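Note that the chains take the letters A, B, C and D in the order they are written out, and that residue 1 is the start of every chain.
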Amino acid sequence: MDHNAYVPKLAKIIEIKEEVGGARPIKTFRAQFQNKNDFSFSCGQCAMLSVFGKGESIFAISSSPLIKDYLQFNILKMGRVTSSLHEMQVGDTIGIRGPYGNGFPLEEWKGKNLIFIGGGIGLAPIWSVLNTALGKKEEYGDLTLIYGARTSKDLVFREELEEIKKKIAVHLSIDVEESDWNEFVGFVPQNVTDKKPSPKNAITVTCGPPIMIKFVIKALEDLGFEDEQIYTTVENKMKCGIGKCGRCNIGSHYVCKDGPVYSWAELKKLPQEY
Amino acid sequence: MEKILTKKSFPLWVKELVSYKIYAPQKNGDLWNFETIKKPESINLDFPNTVLPPKNIIFPQREVLLEFESSNENKLQVKETLPDDDPTIIFGVRPCDAKALTLTDKVFSGDFKDPYYWKRRNSTVLIGLACNIPPSPNCFCLSVGGSPHSKEGLDILMTDLGDKYFVESLSEKGSTLINLAKPLFQQPKAADKKAVEKTQAEAEKKITRQIKDIKKIPSILKNMFDSPLWDEESLSCLRCGICTYLCPTCHCFDINDEVASSSPVKGKRVRTWDTCQFPDFTMHSSGHNPRPDRASRLRQRIFHKFQYFVERYQNYLCTGCGRCISKCPVGIDIIEVLDKVRDYGS
Amino acid sequence: MVNLDNLKKEANRILKEEKVKYIIGYKKSSNGLFTVPAFIKNPEEVEKLTWDPTCVYNLTRFLVDEKRKKAKEKEPDERPVGLIVKGCDSRALVVLLQEKFINRDDVYILGVSCEETGVLDEKKLAKTLKGKKVKNIEFGKNDNFVVTTKDGKTEIPAKEILAERCLECNANFPVISDILFGEKVKRKSDNPFESLEKFESLSKEERWTFWKEQLDKCIRCYACRSVCPMCYCDECVADTINFAVIAETTAEEKAQKIKWVEKSPVTSENFVYHLVRAIHLAGRCIDCGECERACPLDIPLRLLNKKLEKEAKELFGYEAGFDADVPSLVSSFKDEDPEDFIR
Amino acid sequence: MAEEFEPKIVAFLCKWCSSAGSDLAGVSRMEYPSNVVPITVMCSGSISPLYIFSAFNRGADGVLVSGCHPGDCHYIKGNFYARRRIALVKKLLDYIGLEPQRFQMSWVSAAEGKKYTQIIKDFVKELKPLGPQTKLRRNL
């Protein structure tokens, strides 16, 4: 009998960190499989997390595949499943199935300059690919991160960002002026326009709210980026994660299986229904 | 293998099959539906279309995927709950409904084989009944690559020849069933074969509804995503689930946890049918809905059947059973909609 | 008799004079005998309008869509919608007015009287004709329907093929309209609760067996609530997620939504759904019978609603859909309401 | 011998009268069966029929709705609305074939601890011969 894709593997939460508080809280979870870890994934892939009794939701894996000890997820409290995840403690059991989706074609990007553009919780899928590229920094050109959130309190990975700043160019932004903020003030697309990354030998990865993605793409196009140089991730409501339940489709694509990573060249051809 | 079985012998054959779980169309009030059969003589194959296709035998509306239970020490256990694979026979499967299973087969195969679906599917023998008279005035199987005597997906096809059935075995599973009662079956005569041919040719003529130039539809649709047609055609849509729940090819589902006790947690993870016609189908937890209105949902139904599925699996996701037309409470007619699509293209 | 030409004339006038946004009426379906809802926007399309015994739909239901659509528009067209209503449909309209779901100015009512007949029951017709294909069907004289088949015209007494609810209807002309077509003739129905009383005489266990068998058939396609003009709640107890989500809705609010009914179509869940629907329609259901007609599995849903209609009348002297200015059944009481059941 | 069936009763009690009445029964150490799961609500008029169906759905053998006597409602007329609504629910449940004894309504004032205990005693007595309520119970 083939493996039953609907049955999750059990995992233990080994670390919880509060990234963002307030009305739209974000926590980072690290989970370790109870049994042997044969979960191998690539950057940009997703996993379906179970809170037994509440249900399942799909999340981008934000840790790098180079890390084998645990899987990391950044979770914004949004509904039933995420609220119960936010109530969980270290040691609690969740279910994980996956990995699902296509992931970023990182292999193809070797030798190129990588520009990561994120907004809010959208840093999660970027985090995996950014850290993987950082781990093999010599294989890539310049790495740049442009990241913003509503306020400085809404930025995730603040401590880690300080670390990363030492290694690569990081341009942060917040939407509205704050007293001790020294970096860019404005929306992420404006920051992109302001920093003018060069399209030469570059690939960009943009993740964030749909409206931000839309304007970042416009900003990149204005800077001379080709559609093939622009990558993004799409999210839609998912239940099965394996291309059967029928709700996450964009055209004939199932985002859970054929996505969530798309180049703008590919995504442009699909119906705008996400 | 081709055989003749007299109608008198038919219940005797069914009697030989008692070790199987047997489904056949049964009448309840004015409606026919597939139900399990206790007595061989209670099978009546003189029935119009069943309201529900037999898909719910293979892909039930509710399927328990797994059970979970946490002990007092907060130790959680998860148990996979695969269905029984009791050998099952479905009598009286209409060719369109059998063909539909060959389409859902594609969905539930692939990289992630669906064990629940396949366990039932593999243990079920489909015995079809050719439609000598279209079971519904809205039948249009001929337009979507089927026919009233299509063998696709069937293990046996029976054709009613008045006082006897012409029985064709189409698979090993089918032959096994015939061999269980060999003496009851006779060799067909040349006249029988002629009669079958005649009946089938006549049956095809009786199908009056059709989608003209269907081959053009997928490519026309491709350029029609933003057409105002979808607003127009969905004006009377009620956003109910009839068209999809009664469809033999629709297969979308939901997964939810049903909880018997929340502390310690105990419950089941359950798969139930779902439909693109319900507004919550695609609604994100944030409230964002990529398909926010009836127009986008009608469009999804049409596109999935005549564009997306064609692109993905090279088949229409429709077998022309006509249920969605006959049962739509406001008379939305998929043939009419496609007629307008075609007009739009020309 | 309703003069269709006059109806078309009026429809033409209100569209030409731009008095209404559009008209919701009936037209022949392109594939056959029965009518379908029609949304007429231009005077040129008025010719499509029809009125015959197959006009079963309660078009008042579409005001719910209209209201939702209008709420989303930035600069909504404030003109009314022209709406063709039968007696029962007009009572639905009265309930919507009574509940302030719509305003009187939102709708221009073109009333049609069923006079002494009503609309037919498709299933009864098919049985009566034993499978013969119908070419045309119209109202005749003396309470007859004139049915044309390939064998020519035959007159069938309306009684034989009328929808059950029409047989039990005692207000078969619009109670409210801006213009009325046809006469205000009252149909004589001996007992508006005839079908119900037959059922009530069964024993408790027989009733349970009956309802269990019926509701077990339910596949939760929600056609009953979708077709119902009174089922306009933004979010139904049967829905598993929140619909009324706005940017300010907190995660807790969403997480705490109670799952009153599981999606699984099993006895216990089907009963909660149908019981809640029945009780929520108490004093609101006007017996248009659309839920029962729409049900693909022939669940006799009218019997549930009719029961509460009868109790409302007998216990509280309340009838739905006749007066938009009285308080509704469950938002009012009388000192002398029965309390013999209370301990 | 098998243990005697002990029915489970869900009692929706209004805060101002019936719940106070049950408290009085408690503090006065009146004896009455322990079959009740009391749920205090602000007013009998605030009890949605959905709560009642849901209680049966989650396994109640009997459901009691209890409020202030007519004229005594803290919110003036909440119990009058309840009286109408509950009458309809009672008719409906009876109609679909649920044993009518399983659903009761009572008026119990804050001073009527005794009456409350009597109502519960009677309710339990009536429910026992009926056995468990399985018709509407969820068994997923």
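FYI, a contact is a pair of C-beta atoms (placed from the backbone, for glycine too) under 8 Å apart; a residue touches a chain by one contact, two chains touch by 3 or more.
This one's a predicted model, so the numbers in the text were calculated from it and none came from an experiment.
Fewest steps needed to get from chain B to chain D, stepping only to touching chains, is 1.
Taking each chain's centre as the average of its CA atoms, chain A and chain D sit 52 Å apart. Chain centres here are Cα means. That of chain B falls 31 Å from that of chain C. Mean C-alpha positions place chain C and chain D at a centre distance of 35 Å. Rounded to a whole number, the gap between the C-alpha centres of chain A and chain C is 49 angstrom. Among the residues of chain C, those in touch with two or more other chains are 241, 254, 262, 264, 266.
Multi-chain contact residues, meaning those touching two or more other chains, occur in chain D at positions 140. Contact of a single residue of chain B with at least two other chains is seen at positions 254, 256, 258, 270, 274, 283, 285-286.
The complete set of chain-chain contacts reads A-B, A-C, B-C, B-D, C-D. Per the touch definition, chain C reaches chain B in the complex via residues 29-32, 34-37, 39, 57, 61-62, 65, 123, 133, 217, 219-223, 226-227, 239-243, 245-247, 249, 254, 262-266, 290, 293-294, 296-298.
By the touch criterion given at the top, residues 65-66, 68, 70, 74-76, 78, 80, 82, 107-108, 110-116, 225, 251-257, 259, 262, 265-267, 269, 271, 274, 276, 281-286, 288, 290-291, 296, 303-304, 307-309, 311-312 of chain B touch chain A in their complex. The touching residues of chain C, when paired with chain A in their complex, are 241, 250-252, 254-255, 257. Chain contact summary for the complex, chain D toward chain B: residues 140. Those residues of chain B whose C-beta lies close enough to touch chain C in the complex are 28-31, 51-52, 61-62, 137, 209, 235-236, 238-242, 245-246, 254, 256, 258, 270, 272-275, 278-280, 283, 285-287, 294, 327, 329-331, 333, 335-336.
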